[in-house]
């Protein structure tokens, strides 16, 4: 239960946090983490280097690490036996277009039953003074249109569903 | 259980927080408190005036309110039936000299058995580069000296005890 | 005489900034706020705050005037955006017997119509870009479309802030771009009038800050360079413009003054120019209001230009003479946006979980951020501005770089890493950029060294480990979310 | 040539400030820290940080040199306090083949002996106060005691920072005051040598910032007024000194330059003077280091004096000429101390639960604070410095006032309210204060209006009510204490 698999970019690290045996990919690691602020700020100390690191959860098993200078590193963490389904696998059969952010639907450019091509603009969303064209993630037929102009939508809400 | 007695300075306020009946000294009050930060920052809204207020507990029933500009207001709050003993009563029979802050004992100017006068310097404490003379809160005889030069003391710890 | 009382009809960093000057001038101030801004910093920076309703109410003239009446305000500062360039608002404020802290309504109207502004500039003797001097008709004759020199810009007559502009590269593209510009203009300004203007290739954006007393006395407070733009939104601005020959600088200043004098300009304003790579400059537009990037001018001149703007509006004479204005050193501003630079600059929303803003020598922070703030999608993505001053431009850039590294905003994605990439790029360091610089700017995102990444993997595992053990044990030390607390807040309000 | 690497042998705001300049100069930097400073801001502001042990180790010359060796540092900046005026340290640094960023060790030694400094100043032609030019003997003859003019100051020869000074008002008081000064001097400097100096009544404290290249070229960076002192500790400092006639200002500058030249002064230094109400000034001492109040000089001159100090130490020539130095506007600094102004200025300790530092136009914050910081009693009570610049002194004061109101430090008592009372007092506003001003300054603490107090009583009851209901229910939203989290921290470290 103290063995973790951490993915950063396309690299994978096996981290062992057993007492008296902290290793990464089998090699001992001499790094300390000091809590600076209960909301998620840490000091990552490695020998004489002390780095501020802000950590927060994006969703189950996904963590964002913010470094000095605004650099953000996304990591996926799983215990060895409960490896979660990877985003890549889920992407193979896209069922709908979802809102990438909160915003106002300005325009809907497709109708139910219409055939669309990949990258065709389906919906125009406005957020923070900026209009954004939401393009189709796949070719296919539109089964349902769930929003209409003037509607506020949350990040992640379904806008359009594809037929299978 | 929604009735409170609040003391600020030498004034006393009776506050009733019953639902649908918020009063201070019997008069309705139209003030709202909005939490800005879970660590204790509030917005105290009264009609069109919005005041930032930082609240924290000093000890049981004693709260410090920090206003803009560094002004600090101390209040003592008690429920009506469990009025706590007032500091004034406790002050009548002082049994010891306590450290008003963390610090280093630099000098102890009295010995056990010695008679001292009120305001006579008993101990010299150094804290943050500053030396401070701790004077006797009463006239009396020293029963015990609990510290010696070079000793670090915590705020509130007993330094010298008086005979009764 | 009634004691002046200023209502700031705005929100965010600019409202906080204006309210700071009100405090420094000893003037009582009033903020307005909507349902999502109840705990916003500008509410707490004013002596009074009036609730005006749902999020779009900052655009509601009647709601603002009612707040002014309710609070007894005698003057209104519009800030930038929202109603700042709305001539009806300026008129309504003055009709209500209040002072509008800005130009005369007629100036706002005239400069708001980009075609009228072109005419005014040409009349004042300024170089104006080739283009149509009248609105485009609904259907452009095909013959005309073919005679135009491409690429050409389609611009909304009522436009501003980079909105309602499209670039057409060929006759084929033109009709669609006109349509797109009209649609955006209609949606943004309720006016779909557009016109054509020739495109200046490799242009730098140079603008001049002016301040006029409305009686024909106009001061020039120096220029700013704002060529670093993404999707026509300025990201980094500086004063003075680097590498500008002295005589060209003087000519540009003089052109701005000429226009200001011919308009008998009142209050603060900015005259914007494009400068081509041959050293020719062209008038683009006038922004009759305070601008986002005004702090760089303040830092090099040492002036609080909002203070001078308010004093003038309250009837005081212009206390400055042109010879009192001196530029010292260099200042650069970087806009901190709630946009995820690592995800296509999508607006980001979230809660500020941790905040540490930079400080120290030469640093100014104009920010609306506070720990616990919830950043939503209702408004502009500008969160804060970081401005660095230095003895030289290079010194200012190094300070900005140092301070951007210090800026920590936990819980929300921002453009801080992208800003650093820009100011560390060789072309920017040399001061050799134009408005198209960011179009082709796609720096390799910095990657941690293999050794650091190994440590970060360790850190992530440690964090996950703790989270898991906390969830399992219902640990008392569970970090608290601001939004978990809302339940309590509502409970208290109900009391 | 070895690439320079700077170790900062200090902590708190001054370490952070120096490390900022290292970053801006592109120089790698090293911090040192003790057991109570593991998470301090200066540790995070450096590229590397070396642990040196228990809290007093900032005073341990060997520990500092070892940290330099371990990290490969090539130069050491001592900051102020700790080892900054310790000639043995300067000597040891240079003996170890490292650069001491400060004056020559012999200058540090000479200026550290206040009697030697008096002789040097007199030799350079500066006006020096009447007093004993030799150490007081252990037993002062009764005859002598009677001939002295009272009041008189007893001063430690090794003194500094206002320590080891006593005022004797009569022959009767003198022996006790000598004894007290000796005791404090012995404890603070391990040297109980004291001497007498006549007291200047109603004196202003004026000091001059100098910068020398060690070859006889010395620059004057203007003066500062630091008359606002409590128990001989400066609280508020400003540049330029208000109301100083131009010729007097020139004379004081010239005196400082004379001394600097005669010492062939190297690095930054401050020559301190007392100015009496007749316009006569007297040398007091030289501080051969950066000073707490240096930011006011930086803000009016636009110079980063630490940068110039480091560049000189690294062997670069003096890049400034006297004619390059211009004072613009006015700057005022207020020291934010962990002292409870409402409880006799006792040092306060505690945890920073909430922090919001000021910003906006004309404001500089040099701070070591961060949310979650634990302020203990181990070190000086200086937490941060707030510096305001304005077009005029009045403008700077208003800005300082505005920014002090914005400064929120929750969880720890500070002197912010007291600072506001001082800068709002009529004598300060007029610039008519001397070093005794605060002795008799006891403003009535501001009280909330009856209406506000009623609301505060309500707020306190509401807060208590919630606390009670939380404790009763073991509510999941219980606010978390930083120190509750320590259990977890230690657990993680043990992993």
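Read from first to last, the chains carry the letters A, B, C and D; within each, the first residue is number 1.
As a convention for this text, a contact is a pair of C-beta atoms (placed from the backbone, for glycine too) under 8 Å apart; a residue touches a chain by one contact, two chains touch by 3 or more.
No experiment lies behind these values; they were computed from the predicted model shown.
J.: Comparing the two chain pairs, does B-D have more C-beta contacts than B-C, or is it the other way round?
T.: Answer to which pair has more contacts is B-D.
J.: Roughly how far is chain A from chain D, going centre to centre by Cα mean, in whole Å?
T.: It comes to 48 Å between the two C-alpha centres.
J.: Just give me the whole-number Å value for how far the CA centre of chain C lies from that of chain D.
T.: 39
J.: Counting only Cα atoms for the centres, state how far chain B is from chain D in Å.
T.: Centre-to-centre distance between chain B and chain D: 30 Å.
J.: Give me the residue numbers in chain B that touch at least two other chains, ranges are fine.
T.: 17, 22, 33, 37-38, 41, 52
J.: Which chain D residues touch at least two other chains?
T.: If we look for residues of chain D contacting two or more partner chains, we find 354, 370-371, 405-406, 462, 465, 477, 479-480, 485, 488, 492, 495.
J.: Taking all chains into account, which pairs touch?
T.: Here the touching chain pairs work out to A-C, A-D, B-C, B-D, C-D.
J.: Show me the residue ranges of chain D that touch chain C in the complex, using the header's touch definition.
T.: Listed in rising order, the residues are 16-17, 20-21, 23-26, 295, 298, 302-304, 328-329, 354, 356-357, 359-367, 370-371, 389, 391, 395, 398-399, 401-402, 405-406, 462, 465-466, 476-480, 484-485, 487-488, 492, 495.
J.: Hey, which residues of chain B end up touching chain D in the complex?
T.: Residues of chain B touching chain D: 2, 4, 6, 8-9, 11, 13, 15, 17, 22, 24-25, 29, 31, 33, 37-42, 44, 46, 51-57, 61, 63, 65-73, 75, 77, 79, 100-103, 106, 127-132, 155.
J.: Which positions of chain A touch chain D when the two form their complex?
T.: Counting only chain A, the residues touching chain D are 17, 19, 22, 32-38, 41, 43, 48-52.
J.: How about chain C: which of its residues touch chain A in the complex?
T.: Touch list, chain C to chain A: 161, 163, 184, 187, 231, 338-339, 341-342, 346-349, 353-354, 371, 376-377, 379-381, 404-411, 413-420, 446-448, 452-465, 467-468, 477, 479-480.
J.: In the complex, go through chain C and note every residue touching chain B.
T.: Touch list, chain C to chain B: 30, 38-39, 43-44, 46-50, 70-71, 370-372, 480, 482, 485-486, 488-489, 492-495.
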